[in-house]
């Protein structure tokens, strides 16, 4: 994240510089620095931030109301207090922050921002108030075994693929095996399940995890990184010397009292705890509900199409026209001989070449085509299961082929295949789970989102499992009910 | 005066793959006759019967019904022949998804395009004839074997056929139910119905049959009245077989 | 990639600086600049590079021999020619490049390197020889519709998640919907299937794609980026002024003749073509073979464990001990009521909490536990299918329960369930595809790798499909053979 | 002098759920006697027979075999009783996964722990007795119904039982095969085997049975020689039933 933020910031600066050079009316680059006076006159200090980077700044829900909190916010409040003004917080995306500063929409920017040389060219920075640095998370029960970076030599260490942490670990820990994964939650899980001994992470993030999970501890890295790349400072419009000086005074006091570690981070941690409490499984029920909904939609639609297709294929297979028969047999055998997963990929990518299909439609098509083949075989089996005597009795009464099918064979076949058809519908619910691989938001997909969001590995899986069971079990019951009503004997 | 021939079987042969089931059958069934067909298992009795209404098609030879060769008819034209030939099976083959009444009404409505009330009237008449009026609304599964077979007979009669074919109609029945079915068949014969019956009920054959045919190895080996055939079989094959079934 | 490379380089520089400050014996920072003379004396110019960044530099296989080629290599060759020396290429990881330079292991570094201010602090750079910039790939048939960046307003544009391109597009194209995906190949596919109208990409990468795929064209972006972030230059040890001057002269000639675009990139493209030719599906057979191998291993091992488990569960279900019966029924119903996919996740993450299991083992366990439940039902069905008369006949002969099972019931049951058991084994081959989601290198997983590697979406899927079909069809045949041999009647 | 009682049935009743199938049966089978059990379908004939060797356990009452009450035996102890009571079923129930010889050898080897050659000798003796020596290596599926039933009888005899129980042994057979099975049974009776036979073969009953029991509605309604019962049934129930089976 930080990496991307940095890049963004660079670009933002470039764009801003460019804009200025182009002759846009630049605001208030006063030669005489009235920055502090102006604020005190207005009575409010506008801070721009991007609240998606706990514990620096993040949103929290309290009694249904969203609020920006975090270490940076605490510091800003202290500064505003020292300046005897009110603090106003403006939230925006990270890359808009410096633009907001330049265009006078904010007086300062606090967003865990590193005072890189590029940025220093376009804005002023306060003193560095916090040096994040790099940590490793390890399991508490192994903390004595892995007390420091050195002890990780020759071990398995995880990091997000393509991040600074990944490369640092690879480069600086001798003999290490660095295991890259995409999601932070997966890394934590792998750590907790002892698939990894440590996970490299930026210090504040690591500390956030530790606060949320008592079974983890953070150990500091001993990478040598320079403060400008890893420390955070407050950004101001160029030439806001009086404001910077005032703010630095506040920061100095904050540092002297060690407020950041003693109070602000702890407070932030508390909010994060609240966040976590709010985000217990119950809190995510909408996610699961959406997943269940999609799963049922896919199963239902595919089931209906599958039956239509199945009847067609079964009639083709029983037909006397060789080509139809052959087509149907080939189709059925091929579909039943290959996994649904590969069929889903094939439809998504293959049919996609011809027409542009959303993932959901692709998924439904693939599942329908698949179940059509199975249902065709069930129907054929059902027709075969009606004793030959029934057909002969009907024939010897002089009934026509189509009357025999309609009045004698099919009604009995339907009764006979009802259980098999029911099983197929139940399979559909289960097999629709496979469409998650192409990004359809079914139950499995939603489960993975919840897993990533809550850092909890097993619980969402278990809940999904129970939900699936409820669906299949419920359907079984419904089908049994109808089966009972079809009995004549 | 010999009555008019209803069914003529000329040089009929039937093979399944390489096995010859019927080898060279030449017989005539005349109007109002009751024929009993007996013979060991696998002799080809069912096959011959099923050739008569084209449930099977003979490999060669011709079968004339009312003078018309039915072996050359297309699938579509068969309906009219089959209307005139009722068939009753060993395993009843009632339609389990319909009530007794619906079983009886199905063919008249679908094939003869009668309206529902006409079909229902005939159905009730026939149910009375086989003594099952009170079972009209029952499903076949709730009936005893004997009752099912009587319904099956009524169902075949609903099309008002000229000939009735029976394939071991009592051999799937418990002994105490055999009588009720045979008595229905006996009444039918007394009313002058032309019948071909595969059966081993010698008592029935002796009482009702105008002619008994003994079949073995794909041929009709012997033909005669019940007394001739049961009491004085001429061929060795027939002697052996009749010895066996009387012996039990 | 470039983003990560940059970060790496920064760190490398930091580390190198640190090392030097610590007093390590620094090599040859001669006050008098003999850099050029030394090279000419030795008669060879050592270039360090990291050959994984086509078309800048990459490895190519020709007649089985691996060789470093690319635009940078062509330029270096020209430089060496101009200096009348031989070119020696040393391959290493990107982050080791500047270290190699500082420690005298190389005379220059060419690796599509951006001359950032940080780097300039520790090394000297030549003039910028190539400005990569940012491109968009669009479909050729839509090129007239989307001729420039402006035309992409309000459209769907793709980029790799978390990259510069993603953020640039999001920020600078009005009304755009940016669709992030993990893999380049997936983006291209989405583009070609018209799920996207354009894909943002670094220019050289975009050009590489265009060279490989005639249905695509690249259009330039109009982002304003500064050369130091997007241009490439050659790095030298600090103070190599004479060498830099000489090299700049060569570069100037090269630029004058427009050799880079006219010759070098085209040559690089040719090699990439060769690469692509070599990497046709046939070339990837080892990937597919490995996938088939793993798929078969998983299916076979799970099948064996499943049968053992199935027999156990079936006997428990038929046992008179209520607890066993209940346990078995619950297990079977729950497993059959939930998708294998969620079971795989559950075992991987759930059982992983207790013991540390590799993905392959987790996958096999999940599939075994799953098939055990199905096999148990098949076995129970088989035992039920043996007519009650058989059991009574055996009982009335005085045989003991176990003798009846062993001699009468089970042999007949086995014969009856053989087809169902066969179907279950065939299902196993198909269902093992699901373990790919936890990273087991089965056929589906391998297919995805090939897909990413070859930029070809449908072909690998199709091949995997055919391979699956061959496996299931082959197994069907084998099973039929054995079934034939079991017939007594 | 009345022979010694082999089986004593005292106050036996049997319920399935709420339906009373056997209501109060009190009978004795003496050494060497042949009992024929007749009665309508669902009367409880099979149930009574199956109670005799504890394939079913009576709900109340006692069944003594050689003076020992078998209704109180545990599952394990039943083996010794069943060795001494052979049973033959309507549907033969040969083990299809074994050859004829293996069918015959199984029980002697597993239950009596004979060695293979001793079991084989006895098996061949019995096959000769039922006239099927040449089928020793055949699988049941390749035999006709009559042959299968004869093998089933031999298999039961291989345990050298004191009593043989037959449950409609000929009713699943084609008519010409009934004779061969009945003649094997007749020989068995002539050799002095104690037998309880559920059958509707009146010829067989008249020739062989020492006593015929007529069963209906869960009771033994009437008991007597075949002549007494078939020609002069006393109860209405018996008259009706016998009328039906003679009528056919």
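Just so it is clear, A, B, C and D label the chains in written order, and each chain counts residues from 1 on its own.
What we mean here is this: a residue touches a chain if its C-beta (ideal position, glycine included) is under 8 Å from a C-beta of that chain, and two chains touch if they have at least 3 such contacts.
In UniProt terms, the chains line up like this: A, C = ABC transporter permease; B, D = ABC transporter ATP-binding protein.
What you are looking at is a predicted structure, and each value in this text was computed from that prediction instead of being measured.
Listed by label, the chains touching chain A (ABC transporter permease) and chain D alike are B, C.
Note: centroid distance chain C (ABC transporter permease) to chain D, computed from Cα atoms, is 74 Å.
Centre-to-centre separation between chain A (ABC transporter permease) and chain C (ABC transporter permease), using Cα means, comes to 21 Å. In chain A (ABC transporter permease), no position touches at least two other chains. Shared contact sites, meaning residues of chain D that touch two or more other chains, are absent. Chain contacts here close into one cycle, and each chain has exactly two touching partners.
Listed by chain label, the pairs that touch are A-B, A-C, B-D, C-D. Here chain B touches chain A (ABC transporter permease) in the complex through residues 50, 53, 55, 75-76, 78-83, 85-87, 89, 91, 93-97, 106-107, 110-111, 139-142, 152, 155-156, 159, 165, going by the rule given at the top. Partner chain A (ABC transporter permease) is touched in their complex by these residues of chain C (ABC transporter permease): 3-4, 7-8, 10-11, 14-15, 18, 95, 117-118, 162, 164, 167-168, 171, 182, 189, 192-195, 224-226, 229, 333-334, 336-343, 345-346, 349-350, 352-353, 356, 426, 429-431, 433-434, 436-437, 444, 447, 457-458, 461-462, 464-465, 468-469, 472-473, 476.
Interface residues of chain C (ABC transporter permease) facing chain D in the complex, by the touch rule stated above, are 387, 389-390, 392-401, 403, 407-408, 411-412, 415, 488-489. Contacts from chain D toward chain B in the complex involve residues 40-41, 144, 170, 174-180, 182-183, 200-201, 203-204, 241, 243-245, 247-248.
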